[in-house]
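Paired with chain B in one complex and with chain C in the other, chain A is shared by the two complexes that follow.
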Partner chain A sequence: MNRALTVAVLVVVCALLGVGLGAELLSPPAWMLAVQDTNDPLGRLIWQWRVPRVITAFCVGASLGVAGVVFQGLFRNPLAEPYLLGSAAGASVGAAIALLVPLAMPAWFSLSLLAFAGSWGATWVVVAMARLTGVKSGTSLILAGVAVAALLSAVRSLLMLVLSDDTVNVQSVISWTLGGIQTPYWSELAGVVIPLTLLGFLACLTLARGLDFLGLGDEVAESMGLAVESFIRRGVLIAAAVTALAVVWGGLIGFIGLVVPHIVRWWVGARHGSLMIYSALGGGCALMVFDGLSRSLLPPSEIPLGLLTVMVGVPFFLLVLVRESRR
Partner chain B sequence: MPRVQVSGVAYRLLCTVTTVLTLAVALPNALASPVASTTLVRDALGREVAIPDSPQRIVSLFASNTELLAALKLEPRIVGIEDFTRYPPGIRDGRVIVGGRLGFSAEAIARVRPDLVVLTPARGAASTLIRPLSLIGIPVIVLMHSNVEQIFTNLRLLGRAASVDGHAERVVSDLRARLNVVQARVGTLSPVRVYVETGENDRGALQTLREGTYTADAVRLAGGRNVFAGLNTITQVSAEAVIRADPQVIFVARNNSFDPASIGRRPGWQAVSAVREGRVYAIPRALLLIPGPRVVEGVEKMAALLYPLTVYGAVKGAP
Partner chain C sequence: MSAAPTHLMHAEHLHLKRGRRAVVSDVSFTIHANQMVGIIGPNGSGKSSLMRLLAGVIAPDTGSLHLNGQLLSTMTRAARAQSLSYLPQETRVYWDFTVDDVLELGLARGQPTLRLRASQQMPLPKALIAEFELQELMGRVLNQLSGGERARVLLAAAVAGHPQLLLADEPMASLDVCHQLGLMQRLQALRERTASVIVMHDLNLAARFADRLLLLDQARVVAFGSVDEVLGSPLLDRVFRVAFERERSDGVLKLYPHTAT
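Our next item is the complex of A and B:
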């Protein structure tokens, strides 16, 4: 219970930081004044733009955190996460197609569908490539992921060059690839982002027990009644869907799915149920703060969110790599 | 016991969150106040934008839009600009910088309480600003400029938006008259083959103009024929390609630190007509690469340099 309280406080503090950090840092009283004054454009912007953005950042971070847990558990690989596995790159290619090619579907639907298809497809290509090498080590999976991600980013750049119309679409794709929260309207937030995040999270929770078994090795897991192959298929499907959701609303944000589950694992242990819950909350917290920093570090410009998380994430990635190699 | 306490905290938290959410959903409706009197304009993206009559607090993104507004004598109404605006002199004094190289902040713009924002779809301005600003009721006009004529269209559009139509009309007809003077002098002459260099990367690839831009149009209006008129998307050319195209005149629109004379010292360039005849000229970037009213001055300058015997001394601004 103590732990739950700590996390609750952390969520509240990070959320407050998120709504407080902006291009201009207001003192709390001035901030309160701004949000209460309906004639203040900044106050309106905070209600209509910053608050939905902070909530979306939480949802995206939570999705990335929990997707990281699932990928790490499924592949028993501490370096697996949406960004390094190529899942996020796949989703971004899907999203780029949806944005740049006129399709006979509502935009939000084609965006979600193609991002999911891209994420799922890319993950399977990576898994297949890693299996083809026949090496049961983590490196082949990550190498395959890096290769596929490189290929996909080339495809995405080519799409942008070929389909560019010099105006808005290409710029949104670029901002996507650098990572940045796509702020929804309140209606989209309440109707799409929050419900889908919850749904994805619950779907991941159903995998928790299976992932615990899988952690004991394929044979033990089989003997405990887990159909390993079909379980992995289901897990990849769910994690790809959660990744796609994160990419649609947050673009390419690296390393949250890697760093957060690791820190949480040190803290709460390796049981996947609590690992998922705390990674989701931790990922959400981290992204709310990072998004706030992206707004306020170099005002009035915004640093693309994905660049910030990668800058913090890569040193951590190296740390994990060194620890693993010494094991 | 602690369990009960925590659920109490959770309950209170839930209540607070629900209240905040309800407020946030209900608030926008309460905020939608009727606007007294507005002008409707259609911008370059085809959006219908309602602007309050005679806006007094304008945020102008990009040097070009600021120069257009200044030409309409609306400079005193500009309250915010971006970080690369340098003209007219004094434009940076006391004005809020709302963005720069990395993009723009809707929050910084909202902070200066503008009643009109003018921007161009570059550096993500359109994709990151239109939605949040429209959401809080700040009108945004998007301008584009693929030829010199569109600069005039933009002046008229801004004139309408700021309720200074008559003045905009006069500014446009003055600029047009100056272009007509150039046209009268050089229009019948055979065009001069021109290569315009705007930059260079560290591996020696040279940067030139792209067709379908106001800059290429300005060169044409000055009586030049771009030797790379076929380039529609990629604007990098090799030194070899320039030598083969053999331009009669080379215009250099690069940083001030670049010495145009150095072009004559490049290996192999001594064979180029422009170099042989000493017709390599520097053109200030601001006159050629900012789609504002000063492009007309750029046209005059280039015409005078392309046809020194015909135009020399007759056009204002000639050397």
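Our next item is the complex of A and C:
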């Protein structure tokens, strides 16, 4: 109970910080007052732009945290996460195609669909490459992931060069690939972002017990009643979908899926059910604050969110690498 | 042809090939309830492959396996997992699961999907903790325990759900003499509710604890019978390519390997 209370307080504090951080720092009393006055332009600004963005940041962070937990559990590799596995890069290629090529579909639908296809395809390419090398060690998976991610980012840049015309703002696509939370309308938020995030989270939660079993090794998991091969296929599908959701609304944001589950694991232990719940909340909290910082550190410009998370994430990644090599 | 219900496990003409090499060749035997069956044989004789087959982790190329008269391949995964428990040669645990986690997962055998309604944490049965003397270890991380403690926890987890049959592949490997003996005594005490098939390297431990022995050589069953029949037979010397000197004290056969032949 204590743990749940701590996290609840953390979520509230981070949400307040997220709303308050910007080119101008707003204290909670100041903006709460402004929001209550329907004629106050600042209040309208906060209500129509800031609050939806903070909620979206939470959803993106939660999705990245949970996707990290699922990928780590499936591959039993503490370094696996959407960004390093190439899943996020795959999603970004899909999304870039959706943005640059006119398709006979609603924009949010084609964007989500192609991002998912890209994320799923890229993850399997990486898994296949890692299996091809025959090395069971975790490093081959991450090496393959980084290589595929590099290739995909080149493909994405090429697509942007070739396909862009006056109707597409390339600048906005570029800034999105560097990571940046989109601001949806309230209708999109309530109709797409929040429901899909919840759905993805619940789908991941159904994997929790199976991931626990997998942690005891393939053969033991199989003998305990888990159909290992099909479970991994299902897990990759779900994690790729969750990653795609995060990429569509937040661009490429690295290391949240790595750092958050690690810290949570130290705190709540290794069981995947609680790991997912707390990683979702923790990832959401982290991105609300980082997104706020990206708006407020260098006013009036915004630092791309992805750059901030990479700067924090890489030292942590190295720390994990050193710890793992000492095992 | 189905097996009579008194047979706990019944294997008929099991064959398994890896590439062109047969790793299990025409293996047939029957295991009854309340028995501890030891599998012995030289390295590479197919012991571990046979264990994987029995556990249902891999399927035989041909042949049939019955559990309680039911064909293993037609059982649901859940039903199979609840009646059959398998401890491979080395259980690598990837995360820092605590002893409590491992026991809870052991109790969840056969239920790989978390149901939200059933996710309410059940307290671990006190009898299980007491039976395996785990009081001191609760809350500790499995991967930080000593080899003997770890083996005890993994065994407790494997039999937590009261499976009918435990398949353990060299559970004594990397344990010192004292812990080997302790583990065998536990397995023997378990026999009343859980029969077991244990791959053993130490023939003297096999002589002392097993009810029946199955001797494998080059993927085939060379002998299957009582301890005296199998260990007393000159076949043993031929299979292990060692001349054994046999001696009987307190009714237990003792073997001393001599010159390699």
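Heads up, the rule we're going with is that the second predicted complex is superposed on the first by the 316 of 327 C-alpha atoms of A that agree within 3 Å, B and C clash if a C-alpha of one lies under 4 Å from a C-alpha of the other, contacts with A are read in each partner's own complex, and residues count from 1 in each chain.
In the analysis below, a residue touches a chain if its C-beta (ideal position, glycine included) is under 8 Å from a C-beta of that chain, and two chains touch if they have at least 3 such contacts.
This structure is a prediction, so every number in the text was calculated from the model and none was measured.
Chain B and chain C, once both complexes are superposed via chain A, fit side by side.
When the two complexes are overlaid, the chain among chain B and chain C that reaches more residues of chain A is B.
Geometry note, superposition on chain A: angle between chain B and chain C about the Cα centre of chain A is 160 degrees, to the nearest 10. Shared-chain residue A:Ala227: touches chain C; no touch with chain B. With chain A used as the common frame, chain B approaches chain C to a shortest CA-CA distance of 14 Å. If you check the complex, the residues on chain A that touch chain B are 1, 4-5, 8, 12, 22-24, 38, 40-42, 44-45, 47-51, 166-168, 171-172, 174-175, 183, 185-186, 190, 295, 298-304. Interface of chain A with chain C (complex): residues 76, 205-206, 208-210, 212-217, 219-227, 231, 265, 269-271, 273.
Contacts from chain B toward chain A in the complex involve residues 2-3, 6, 9-10, 13, 21, 24-25, 27-28, 30-31, 45, 97-108, 110-111, 113, 121, 124, 126-128, 131-132, 135-138, 144. Those residues of chain C that touch chain A in the complex are listed here as 52, 55-57, 77-78, 80-82, 84-88, 91-98, 101-102, 105, 108-114, 116, 119.
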